[in-house]
Amino acid sequence: MTDRSPFKTAVVAVVAFWILVFVLLPNLLVLAASVLARDEVRFIRPGFTLAHYRALMSTEILGIFVRSIAYAAGTTAICLAMGYPFAFLLARSSARKLLLMLVVIPFWTSSLVRTYALIIVLKANGLINTLLLETGLIQQPLPLLYSNTAVFIGLVYTLLPFMILPLYAAMEKFDPALMEAGYDLGASRLQVLRHILLPVTLPGIIAGATMVFLPALGLFYVPDLLGGARSMLLGNLIKNQFLAARNWPLGAAASMTLTLLMGLLLWAYFVSVRRYGDPREALTR
Amino acid sequence: MRRRPAKIARILYLVTIYGFLYLPIAVLILYSFNDTRYSSNWQGFTLKWYTALGDNRMLLDSLGNSLLVALLSSTIATAIGTLAAVAFQRYRFPGRKLLYGLLFVVMMSPDIVMGISLLMFFILVRLEPGFLTLVLSHITFCLPFVAVTIHARIADFDPNVIEAARDLGASEYQAFRHVILPMLLPAVVSGWLLSFTLSLDDVIVSFFVTGPTFEILPLKIYSMVRLGVKPEVNALSTVLFAITLMTVFVSHLLVKEKRS
Amino acid sequence: MTPTPIVRFRNVTKRYGDTSAVDRMNFDVYPGEFLTLLGPSGCGKTTILRLIAGLDEADVGDIFIDGKRVNGLPPNRRDVNTVFQNYALFPHMSVAENVGFGLKMKGLPPSTITSRVGAALSMVKLDELARRRVRALSGGQQQRVAVARAIVNEPLVLLLDEPFSALDYKLRKQMQLELKRLHRRLGITFLFVTHDQNEAISMSDRIIVMNDGRIEQIGTPRQIYESPDNMFVAEFVGEINTLDGVVTAAEQTTLTARVEDAEFPMTNRRGFQPGQRVKVLLRPEDLFVSQLQDEAPGPHLTGTVEDQIYKGTTVDVFIRLASGTTVCATQFFNEDAEDISYRVNESVHVTWIRGWEVVLPDD
């Protein structure tokens, strides 16, 4: 349509305004803050520096980084291991509409509420310990809550639906005849998985991994509520720089690193989509 | 063909995962009716935590605030998101790809990144943190979800149908008002519902952009939960879960409608 | 004494990326005529409709509707309406709402809309379905709604983009007849797009044969069929046999050409000169086949029967000529030739009535 209708102009203006002002500009601010000097009162002051990025390399912060990435990667791996066969069975089930809705419900439920629910299950006089004590398997309640294990469980529990849904979307589009063709051509089960199912569902895997990995780095309330004193992750670090330590540039630099990681994952996603097709549209259903 | 043990293993696997997803929620709901403050043993059915909830002015106020923010921001986000979906599908304009890419980045970017970027922005433009900053932020993170939901729907349209409207004498606005919008309605409502729950549930972004004078429910719950388990919170969480359940259900009905 | 054109294309070009969908086209559409754009898919015929409707803009050149230049004018401000290929009915509206849409956009009072919608619906025989949802209609009914929705606005030109392509053969024939009647009744100009040559020939006053965004020939169905301007038109419109020949003698209106090993007198319509290589084109129904023992019919080709296909009212006989070329001859059953079947490998004569051939330069 080439005519200049006032409606079109207005629509494009509103949309462009919102995205530029509330998305692009704030993100540019973070980028700017990450390379400016720290100021005790006004948070930042002019003067270009890369000191904050160097500060991220200090042993203490680097340790948090490494641990966060290890946690996020571990969470992603567990979610994938749990979710991949699950999504496969789901996509093939005759009751898949109902089963899918049962995954969508926790997906839509406040993850704070779900984290809280986990506390009830894990705490010293919670469900698990009570059951184990009653059955006599243990004499003392296990210290489940406020541990690194609890943080792990919490991340997996919160983020599992975010892995299953994109996987499901990819599996649903997957034509089972492809697998049958694989068997027909003499491939073993493992070969079919390796050469047919995995490559075709790769965009779903990457989408799911992105939707688990990135939030796992940033969900500060999960370590806050479930972890012990030393369970600090990247999200908590960023939060503390902004609210407690008041070191904005350092927080901004940490956040930029997170953005960079996101960029890498999105890039991997688009490369896989270009090769194998887009599972994204089914995500929002 | 299928052997029985394999089938049983499959079902067992599905049940285990669903158990993992739902057990904590089920326990939470159960405990919200448990007549004890400390023990985890069942002490009898009670509604007293719900009554206590009804008497807790602070909680109710923050619930009211949350609902207000969610209503307002999901409505505006749906309006802008609908327009955005139409614009990206129908119009060619400079910067279109950049804007679409940015929307997608917002959808994928971790909440904490968005939270601090908006915090900085609001301080830069000297906006008092509180109601307005919350609404603006919630609109922003809901926007891409609405846009993508509706874009998926509008991309399924036969483009000729919209062209037919123009051909029959409708201006661009009339075509939107009389043809595009009515055809998009299920997706619009479903986008609104998604935005509403996203807004109602958000912790991280709100954590950064809210002010001391305007308390919303998730942050209130967060501060309460940090101090331990409270039966009122069980009741409140159950209520929130019920709201989500209803929203998903309505949305599911709409999706069904759209596919028929 | 040609009337003023209702649509006029002047040097119009429309490109999509690197390909020209419409390439420097010039043509006129006259008031009241049934003009068909005929061509293979992807030849740019639909683009022409979109350019007239205002759904696409020309890159170069001018388009006039009713004498006014319409470049840049949005579709809602053009007095033309389109029947889309897949009908493009509004799924959320009833039949009557669909048909009344254009009038509503014009802001006409509801009573006027109701009566005009009623009239349009009765014109396409859908009076009883006015309140139905369009989803509940059959393909043929949807097609009628699409036509009614367009004509109710009394457009200067009705644009029809392959309106019958989704219908089965029988329904298609019926809708063709109805559309033709509607055209006579309304007296408005129809610009019709199809890739089906039979449809084009049976319905149109004039045909524009297109290929690769260019016009190959404009003419009446008879001109297009009987005197194709070039090989493309000859081959695209109907079955045709192509034989190589050389002009051996030429006068102003006659010529002699050697085809295979025989000399044939032909009509010289293009000023051919002796020595020129030509293509001699013959429709299968213009060829006569006779058995060898019959009297030799003057200049003729000789060949052997390769195959024959019974078609009900006709028989197609495939004859392999001495040069190796195979020609198809359609033979009609009549009192003179009750038995027109041949044995395979039987030798036969093939000939035609002088003047029925089309001679084109071989280049």
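To keep things simple, chains are lettered A, B and C as they appear, and every chain counts its residues starting from 1.
We adopt the following convention: contacts are C-beta pairs under 8 Å (C-beta built on N, C-alpha and C of every residue); 3 or more make two chains touch, one makes a residue touch a chain.
All values reported here derive from a predicted model rather than from experimental measurement.
With centres computed as the average of Cα coordinates, no chain lies farther from chain A than C. Contact analysis places A-B first among chain pairs (by count of C-beta pairs in contact).
The central chain here, found by comparing per-chain C-alpha centres with the mean of all protein C-alpha atoms, is B. Put simply, the C-alpha centre of chain A and that of chain B have 17 angstrom between them. Each chain gets one centre point, the mean of its Cα atoms, and the points for chain B and chain C are 56 Å apart. Inter-chain spacing, taken between the CA centroids of chain A and chain C, is 60 Å. Multi-chain contact residues of chain B (touching two or more other chains) are listed as 166, 171-172. In chain C, the residues that touch at least two other chains are 54-55, 74. Counting partners per residue, chain A has 1, 3, 5 as the residues that reach two or more other chains. Here chain B touches chain C in the complex through residues 158, 160-161, 163-172, 174, 178-179, 182-183, going by the rule given at the top.
For chain B in complex with chain A, the touching residues are 10, 13-14, 17-18, 20-25, 27-28, 31, 38-41, 80, 83-84, 86-87, 90-91, 93, 95, 99, 102-106, 108-114, 116-121, 123-124, 136-137, 139-140, 143, 145, 148-149, 152, 155, 166, 171-173, 176, 194, 197, 200-201, 203-204, 207-208, 218, 221-222, 225-226, 229, 233-234, 237, 240-241, 244-245, 247-248, 252, 255. Within the complex, the chain C residues that touch chain B are 53-55, 74-76, 80-82, 84-86, 88-92, 101-102, 104-106, 149-150, 153.
Taken in their complex, chain A has these residues touching chain B: 1, 3, 5-8, 11-12, 14-16, 18-20, 22-27, 29-30, 33, 43, 82, 85-86, 89-90, 93, 99, 101-106, 108-114, 116-121, 123, 125-127, 130, 157, 160-161, 210-211, 214-215, 217-221, 224-225, 235, 238-239, 242, 248, 251-252, 255, 258-259, 262, 265-266, 280-281, 283-285.
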